[in-house]
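Following this line, the structures themselves.
After this come two complexes, each holding chain A, first together with chain B and then together with chain C.
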Partner chain A sequence: MQFRVRDDGASVHVALEGQLNFAANEDFQVLLGQLASHKNKKVVFDMTGLSHIDSVGLGLLYIAREDMAEGGASIVLAHPRDNVLRMLQLTEAHKTFEIQR
Partner chain B sequence: MIHSAPPPSEVFSICRPVRPLGLAVDGPVSEDLADQCAALGLLIGTPDAVHADERLLSGIASDDSIRRGIGGDFSGFVELGDEGLLGVGLRCFETVRSGGLAISLKTRSAYALPTLDIVCDALRDCMGLAPGERADLIGICLGEAISNAVMHGNLEVPAHLRVNSEGFQRFRQIMHERLNDPVLACRRVEINILPRGHDFIAVMVSDQGAGFNFAEHLNHTVDSEAKSGRGLGLISRICASLLAEDGGRTLTMTFAR
Partner chain C sequence: MIDPLGGRLIKLPGRNAGWGGDQILKQSSFLPQLTVWRQNKDRLQVLLVEDEPGDARLVEFALRMSSSPIFEVTHVSSLGAAVACIESGAEVDVILLDLSLPDSSGISTVSRMQEAAPKTPLVIMTGMDDPRFAAYALEVGAQDYLIKSDDPEKTVSRAIRYAISRMASQIERQVLIERISEQQRHLIEEVAAARRMQFDLLPRSERVDPRLAEMAIEVEAFFEPSSGIGGDLWGCLDCGENRMSFYSFDFSGHGIGAALNVFRLHALISDHWDPRLKPGFMLKILGMALRGLLGRGQFATMFLCTIDTARGEIEWASAGAPAPLLLHKGEFRLLDATGVPLGLSRTPEYSEHREEFPPGASLLMYSDAITDALVSDDQTFGEDGLCALVRDILAKTGELSVGQLIEGLDSRVRTPLEDDLTAVCIRRLGGRP
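Up next, the complex of A and B:
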């Protein structure tokens, strides 16, 4: 997985690319470190470039959400591809995350 | 009274004749590897020289080599280890003899390479699975099965660690350690794909870990915010049929096309 972080002041945009899966641990840890300084902001994970997410990757998003909620930040999952959206729907992720099509 | 022996009669086999299977080796062929192939009934040679009904490509695993193995000229890819084919599941050879596709990788390779993308592309290009909802759902199951085989099967990393940030750190550390363990990292993840008539396709994902109690895990329920433990439940909801074999080391998922 690769990512790019852009802070536009009001919100933080995180563009994800590749696979958010069991092999993304190290990259995701780096991402969490970068996001730790963005408190009280909306963090938009742009999933346009994400080709696959598995249940491990989904678990990482839940962990990120909990960590960032402590700093007053909230997460939005934006523009998932069809297969990624299917995974989010199957796991009822919409009950926890705001999902923007 | 002495009975005479019955006249010899023609012997009929109920088994199908074994189709010649060749191992195309992309690299030098050691004497040990040649002996292993002989014992397994495999023809062996370089990719240009081995002629058989079905052929498996073998060599060093890379994105290119695996894709070449499951593309046009071959019916699968087997990553060669220091000890040749030692540890490769016989299921791979049987799958290819039956007209399917087989991939055998070391755990380290299955982790580092885009294994799921490669297999999904093969389902589309070699098995005629049209892009769309079915293909997406099969990809989700395959991703979960490969993830389970690598993490919980071969690397024996417990799932319950990933409950929070601290657990995630521990999980990362254990994954890192075990991917550098020469024994665990060389255990194999094998993916076998077989068409079942026109309407179904069977995908088997095997590992070489300790196995698990399939029935117990299948009955395990998770809430919507769970950080782990979803994989098998997802798979069972999507598959037309789901079987565990080899003490939980092989998951056979059958999907409607």
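Up next, the complex of A and C:
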């Protein structure tokens, strides 16, 4: 998984690419470290470039949400596609995250 | 009401702070019992095995020149005498060995000396200035060599020190290898025992067969943890009369952590199971119970259904499990399996579903190892791949079997699979499949 972080003042955009799975764990922890400084902002995870998410990856999103919530930030999952979208639907992620199609 | 005297749980720290490589290295028994590891010793006992009095004198003189360390030399002039010296229990830190002795010559001198003193560093002294011979002597077990024509004053002391430290490293490495393989054997035994325990959680034929026979239900199951033990499980629960419940669940991640969570959820199911409860309400109870137990980012997906053969119905609820397939009359479709996985929500709610499940119908529950299996670097098998496979099997045989499913999966995805694999097919016998 690769990511790019862009802060436009009002919100933070994180473009995720590749696969969000067990192998992405370390990169994702680095990402969480970077996001820790953006308190009280909306963090948008752009999932356009994400080809796959597995159960570990889903767990990472929930960890991110927990961490962000502590800093007063909220998470939006934007543009999930194909089986990433399917995984979010199957696990009713909309009950926890704001999802933008 | 808190008692004024108070009360609390006191957790004493364990005496084994951790279990891992560091711990292994700290164990005193680990430290190799090195008779040779005396780098800082100020006196070193040298056994000089040399039959040429002139050569022996040169070496002894060279060693006498050294004051740090001081070399104390015992000189013998045959291999037999050298072996007798070792066997008498004399303290020897290093052996300087000439290869051409009255009672032995050549490389066999090295092996015979080694046999007598396998852990004592050995420096070969040779008149032959042949690098290939020297390399061979090192290969068969000597720690260093000296060419007799070299100036012994300069080289002998260095060769001895080098040989001692080289031997110490060799012994240390050997002890490490033995310790590591012992730990590995131990770990494999532990995992094998845990694996047997996990397989013991699965339904047993002798218990469920009489009930399945009464209800004319056939269950075909495949269960394979990816790394010895894993985070999957399936089971069945007797509701009495014409009803039987089935479940499968899968914890995020795999390996030992996920397997421990399997035991947790299995125990929770046993504690909370009530055949009168609807599947969705049962999942809610399990989700709330798990919520406080799991670590960050951990959860389980679960599918729970009850088959009622008298009413010809199946009712189910799902906590984000891979959508099971309902098959009947050569057709099939994915069931609605949406729901928040267990452990991720404090107040989970699950929809109850109900469908007809007449004789001839069957249900396939499976873990995401199937849909997450890779067909290429960036493409997973997915629900599309599974549906295509099931379609092909039905076209060929008219009925879905788990054996064919696993076989077909193996031929279409990259193996071995990286996740724990469960596939369970529940069939109502009678009627057309």
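Methods note: the second predicted complex is superposed on the first by the 101 of 101 C-alpha atoms of A that agree within 3 Å, B and C clash if a C-alpha of one lies under 4 Å from a C-alpha of the other, contacts with A are read in each partner's own complex, and residues count from 1 in each chain.
Note that in this section a residue touches a chain if its C-beta (ideal position, glycine included) is under 8 Å from a C-beta of that chain, and two chains touch if they have at least 3 such contacts.
Because the structure is a prediction, the values reported are computed rather than measured.
Let's test your reading of the overlay: on chain A, do chain B and chain C clash or fit side by side?
Once both complexes are aligned on chain A, chain B and chain C clash.
Looking at chain A, does chain B or chain C touch a larger number of its residues?
Looking at chain A, the partner in contact with more of its residues is B.
Regarding the shared-chain residue A:S55, is it in contact with chain B (first), chain C (second), both, or neither?
The answer is both, since A:S55 touches chain B and chain C.
Between chain B (first) and chain C (second), which does A:Q89 come into contact with in this model arrangement: first, second, both, or neither?
So A:Q89 only meets chain C here.
Let me test your reading of the model: by the given contact rule, A:E26 touches which partner, first (chain B), second (chain C), both or neither?
First partner only, chain B.
Looking at chain C, which part out of 57-65, 147-155, 291-299 or 327-335 clashes with chain B after superposition?
291-299
Would you mind listing the overlap between the chain B footprint and the chain C footprint on chain A?
Common interface on chain A, chain B vs chain C: 19, 22, 51-52, 54-56, 58-60, 62-63, 66, 83, 86, 90-92, 95-96.
Considering the complex alone, what residue numbers of chain B touch chain A?
For this pair, the touching residues of chain B are 111-112, 114, 116-117, 133, 136-137, 139-140, 143-144, 147, 150-151, 162, 164-165, 168-169, 171-172, 175-176, 224-228, 230-231, 234, 237-238.
In the complex of these two chains, what residues of chain A are touching chain B?
19, 21-23, 25-26, 29, 32, 51-52, 54-56, 58-60, 62-63, 66-67, 82-83, 86-87, 90-93, 95-96
Please give the residue numbers of chain A that touch chain C in the complex, ascending.
Going by the criterion above, the answer is residues 18-19, 22, 51-52, 54-56, 58-60, 62-63, 66, 83, 86, 89-92, 95-96.
Under the touch definition given earlier, write down the residues of chain C that touch chain A in their complex.
Touching chain A: residues 250-253, 296-299, 301, 320-323, 337-341, 344-345, 368, 371-372, 378-380, 382-383, 419 of chain C.
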